[in-house]
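Letters are used for the chains, namely A, B, C, D, E and F, taken in the order the chains are written, and counting of residues starts over at 1 for each.
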Amino acid sequence: MSAVKRSMVVERLRKDQMVELLSKEKRLDNRGLLDLRNIVIETGVIERASGSAKVQVGNTQVIAGVKIETGEPFPDTPDKGLLVVNAEVLPLASAYAEPGPPDEDAIELARVVDRGVRESKMIDLSKLILIPGRKVHAVFVDVNVLNVDGNLFDATSYATVASIATAKMPKLFVDQNGQIKRTEEIIPLPIKSIPVSVTLARIGDVLLVDPTSEEEAVMDARITLVFDEEDNVCAGQKGQPGTLNFDQVKLAANIAKVKAREVRKIILGGITKDAKG
Amino acid sequence: MSAVKRSMVVERLRKDQMVELLSKEKRLDNRGLLDLRNIVIETGVIERASGSAKVQVGNTQVIAGVKIETGEPFPDTPDKGLLVVNAEVLPLASAYAEPGPPDEDAIELARVVDRGVRESKMIDLSKLILIPGRKVHAVFVDVNVLNVDGNLFDATSYATVASIATAKMPKLFVDQNGQIKRTEEIIPLPIKSIPVSVTLARIGDVLLVDPTSEEEAVMDARITLVFDEEDNVCAGQKGQPGTLNFDQVKLAANIAKVKAREVRKIILGGITKDAKG
Amino acid sequence: MSAVKRSMVVERLRKDQMVELLSKEKRLDNRGLLDLRNIVIETGVIERASGSAKVQVGNTQVIAGVKIETGEPFPDTPDKGLLVVNAEVLPLASAYAEPGPPDEDAIELARVVDRGVRESKMIDLSKLILIPGRKVHAVFVDVNVLNVDGNLFDATSYATVASIATAKMPKLFVDQNGQIKRTEEIIPLPIKSIPVSVTLARIGDVLLVDPTSEEEAVMDARITLVFDEEDNVCAGQKGQPGTLNFDQVKLAANIAKVKAREVRKIILGGITKDAKG
Amino acid sequence: MVELINEKGLRIDGRGVDELRPLRIEVGVLKNADGSSYIEMGKNKIVAAVYGPKEVHPKHLALPDRSVLRCRYHMAPFSVDVRKPPQPSRREIEISKVIREALEPALILEEYPRTAINIYLEVLQADGGSRCAGITASAVALADAGISMRDMVVACAAGKISGQVVIDLDDTEDKEGDADLPIAIMPNLNQVTLFQLDGIMAPEEFEKAFNMAVSACHQIYEVQREALIDKYFGKGEAGEE
Amino acid sequence: MVELINEKGLRIDGRGVDELRPLRIEVGVLKNADGSSYIEMGKNKIVAAVYGPKEVHPKHLALPDRSVLRCRYHMAPFSVDVRKPPQPSRREIEISKVIREALEPALILEEYPRTAINIYLEVLQADGGSRCAGITASAVALADAGISMRDMVVACAAGKISGQVVIDLDDTEDKEGDADLPIAIMPNLNQVTLFQLDGIMAPEEFEKAFNMAVSACHQIYEVQREALIDKYFGKGEAGEE
Amino acid sequence: MVELINEKGLRIDGRGVDELRPLRIEVGVLKNADGSSYIEMGKNKIVAAVYGPKEVHPKHLALPDRSVLRCRYHMAPFSVDVRKPPQPSRREIEISKVIREALEPALILEEYPRTAINIYLEVLQADGGSRCAGITASAVALADAGISMRDMVVACAAGKISGQVVIDLDDTEDKEGDADLPIAIMPNLNQVTLFQLDGIMAPEEFEKAFNMAVSACHQIYEVQREALIDKYFGKGEAGEE
């Protein structure tokens, strides 16, 4: 995913060129520094999944599927259902992706997206209990990256959120003998919040949103912030071996807060379309 | 198992020579194209196993052992016992075999042999239930290849079939408390059919049965067909990146059907000897 | 752990020099052949563990922690609790250690230490049963080697033994419903014996105790013997592709028996300090 | 036992015995891949991508006289009813192998010595016949990548359900039926490149099924052609979907 | 919900909202490592070791213009309440990555082309904030190994518990509290090298927490300095503990 | 506690305390291996194969002055009462190591620089003492492969059951007995190449057991010799079994 090995000279030239361009507030694809690429969210694309969403952010393409199973709670949270988010950058997504178990980049990706969902309390996990301490609903979200063109964090987050928000499952109940039975009723997950992720890159002295692969190849640092509907920040992560100064951190948080409101409408649009369809 | 890397020139010469010989209907070991090598089947060779068989097909040598345990049925087949067939080409079997988990060749081998047993309904899996939906017999067949000289598919199949056909286990029952108990009675597995596998190779325009390692090294394609006692075909697999034309497929099926009758007698002989012994 | 690849010429020179020195009964660190290095044993160093011990043998440094969980007994020993000893040579312990699962050296290390504890009957495993055949205490001892300077077998054994001997756990009981409950009472493990390990190296014709890394680099063979308080030998292991003659084996056993008495006092000191503390 | 063919001779989804499921193939769906395609065949939804010819890593795996072909057939965890763990199962490993062997005869690998060509299949949703759909999609992606080919490759299963020979089994028919016979052919060279069989058929049923599967392959081949023509020579006025 | 701050404004362990846990750093604790340190921060007990700069294996991973930095954060099985299996968890893999990225900006890796520098952290006992304590200890071990550095790196979390912003959360506060914001900074260059956030904070709380974490880092930096001075210039009369 | 020795001093299978189990060794049982053997010792049934000296892969593992010896001791899943998963257990890894170290002193590896010699042991059925039987069989297979040897290697255990010292423990005696002392020796050079001990013995019992194990090794050595003589100089009139 990041194993691109380029000639150092070329690398430096590309970066110089990009910094020069950015200093004029221009980007290779003609966007402004704080302009997002086009975001397309389609839900309900995989009938066999409980919930699913295909998301395009520019040429970045991901698909998420939710499976809801029953399982045992973790010993230290006997009163909560389970949420597991996995992400794989499929080998078909880029010339640099390799088959095999998720590498540290894919693990970080899944864990940051998971934190946004978990810490925003998107799913009320306390409502996913079947038999307290023994049987709970387990929500598995698997996200497959199909085409890489930068900003996997946001694309993966949007697909995860949209697939969870539109997931449906048969209502279960526990009979007198302690057996779990399913009813005919189909219900959604208990959704309390919709978290929205916004990622910025620092290249030289410039902060920009929604970086492409070409921008990520020369960026110094990446910062992702996730917000709920009340502008609370609920997850964050800096990435890459570059730094941000104190003002840049605060500026990034402010920019992300504003852009999150913009993306929120698009996500809600994608979710609602499904509810109607 | 197939990782022999030879000089391409030598490779081509060997193949030309083989094709020339075969065009005269001759083989390196003087067999006719449709002659099998000598097949020796010994059962009951491992006392600690529920069933076992050592099979030699020419210099190919394999040993199979059956273990019968109790386990849980798969959720989608709650009314069936379990059958698991594994095959390993041991590193002692050839200069090209490596220690480690089964490679794609060994996995294909095990799965094709498994299909023959499963699809012929050799074992009546519906009779292997102890507590419906919860406890069933699980039949594990492990096949170790001890010496490789071609046609592992048939040798592995014969050893698997002979070890299953002669396997014995204590009769179990479920007491009032739902505990599984063993009786003194020793019973065989519920056997309904004996599948017989026959493998052909295409080299140039010629089809031949029971290829040796030397023949496999130059073969274009391999085709395996499995038959039950009523000449029904119950499993098939083409292998190798070569093709067969439509007539060759049908011809192979006809030849295999006839040869299967011949092998059936040998397998039944090996099984019966054990029953007496 | 042993993957040091040195120039062969240097290797041979080092060995010649060492053999020469040893023939005068001298060692690089001025010890006599049968002198141990300084042994320091601190127990109770990890509050979150049920038991723990940090052991230094010269510059060799290891730390062991005990965790006591409940688990199911092995089917063939339904009337016994579980004991699992693991050892890892951490990558921070030496320039030659690598991250990753334990290699054959670390596995041998853990298994030999485990045998000493198990065969001396240090823990009365029959007293670790909660529900016969179904629930038992499982004692996990994990030993991390922090710095390698030879004689890991003895250092690991001392840390294991001291951490087990000082481990404490809440007393559990089974209520009428078959549920396992914990009481307020804190109890030690049922300790019956304290095994003591002593390792010797043969270099040339000389036997010496407690070898350093430099001595191990040139040793021909290593022999470890473990004794209980009545001078019974309860575990042994020769290592390295060198031999011992019959007299050397018997001599090693006699030396080890005597040195074990000396080490026993140090271990008991380390354990007792904790009991007071 | 489920009734798989009704008294009118129709199958559960209303098809006749020799009728294909709805089939749709799209070319060039992934920007990064050298060639790609998307297939829907019944409820199968599969993406195929080709990367290569490109350098081989590690180098000692390169062949001096031809390209090394690799294939990975993989199912998304959400593609089946019960979540599938992401690591490759034995089934996926076997299918990857037979798909590679089904495609290799059609490729002129000698044109690309010392390189590798990688085919990646991701099954987003699985129905019966996903290996056949995967082969059909892979061949299109290989063509999209511009790899030299002797012929297309196209695959379809025939089988036996409720005592009758039918083509293109769906999931229920595959599980509840009597036999499944997936094949792949090179449609112009009349060569079989994949052949598998699972389940019981009498010799005459086998021959009938084989012939029906060959015919079905020829129908699917037309859809492959149209998809490639659409991509490379345009659809005229029609939009993309 | 546990009451994490009492009516006197004190936390469970008696600390004020802007008070650090007891902190102790020791330098040079392992004989074999090129640099090492030991940190206790609350109940965290962590050993850090640095090996390098040294040859890279396998060689093709070496970089022509700088050293390759590697980091492994690992928890001992007995470091937490429920035994942790020894193989690295996803959490440990992520933390290893962010720690490496937190340290790299401070290292002048260009001075050591074609080499590797390995940082190993073993958490012998874990409390809240083990990644921060690990970064703080690693920076000291890197200095002890004599690696050229632009600045120290020092880390501390702030967070929100019982509605108040506090620093240096322990295990209970981390689990029962509302938010945790671990950061690492280069204290003289005023640059953030690690930034993570877990839990809900309003924008103004976020800014306050961030500022408090920066202040806390400066306090810890003093302890780092003293530990290194003790090692290299002696403690005068005082013993080692 | 099981009674392992009856009032007549006989063991469960009727043997005396210093009596070996039935022993059979066959040479050259596998066509492809450079050397091979098959041993039955009690209920142990083990095949040993030697491949080499041959090229080392990967090459950097080769040694300039001698051959690299490798050994894999592996149990078939059906070799024990409860099915053993095929992947190597910790026990198999340790035993592979001690067997390799038991054989290496007898081999003149300096004659084969830059090569590898691989020994593979497959335990088809396991009884007590399978590592000893495996060593005994391996040494025969190495001789069959024509590897230069300083001496044979032969192995046998002594032990303590029902308070008495005995040789060649079977499975029940191993599990129910007090101690097991497997050793391997070079019978002409009087050197110990394997030494392990499991269980409690007083010092004088230990010495007695050790001496008895050495004697037992000499008896087994005769069987090794006969098997090799049979293979290479014929059995006269007798058939192969």
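Note that in this section a contact is a pair of C-beta atoms (placed from the backbone, for glycine too) under 8 Å apart; a residue touches a chain by one contact, two chains touch by 3 or more.
Every value quoted in this text rests on a predicted model; they were computed, and no experiment measured them.
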item	value
Shortest path length from subunit B to subunit E (each step joins two touching chains)	3
For subunit A and subunit F, chains touching each	none
Most distant chain from subunit B, judged by the mean position of its C-alpha atoms	E
Most distant chain from subunit C, judged by the mean position of its C-alpha atoms	D
Option in C-F, C-E or A-D whose residue-number contact pairs overlap B-D by over half	C-F
Between subunit C and subunit D, centroid-to-centroid distance (C-alpha), Å	58
Cα-centroid distance, subunit D relative to subunit F, in whole angstrom	52
Intercentroid distance (Cα basis), subunit C paired with subunit B, Å	48
Centre distance in Å when subunit B and subunit F are each reduced to the mean of their C-alpha atoms	32
Shared interface positions of subunit E, touching two or more other chains	82
Shared interface positions of subunit B, touching two or more other chains	none
Pairwise touch network: line, ring, star, complete, or other	ring
Round-the-ring chain order [start: subunit A; next: subunit D]	A, D, B, F, C, E
Subunit A contact footprint on subunit E (complex, rising order)	64-65, 69, 82, 90-91, 93-94, 96-98, 100-101, 104-105, 179, 181, 186, 189-203, 206-207, 210, 214
Residues of subunit A defined as touching subunit E within the complex	8, 75-76, 104-105, 107-108, 110-111, 115, 119-121, 223, 225, 228, 230-246, 248-250, 253-254, 257
Complex interface listing, subunit F residues touching subunit B	30-33, 36, 43, 45, 47-49, 51, 54, 72, 74, 76-83, 86-87, 118, 120, 122, 124-126
Touch list for subunit B against partner subunit F, complex	45-49, 52, 59, 61, 63, 65-67, 69, 86, 88, 90-95, 99, 101, 140, 142, 144, 146-149
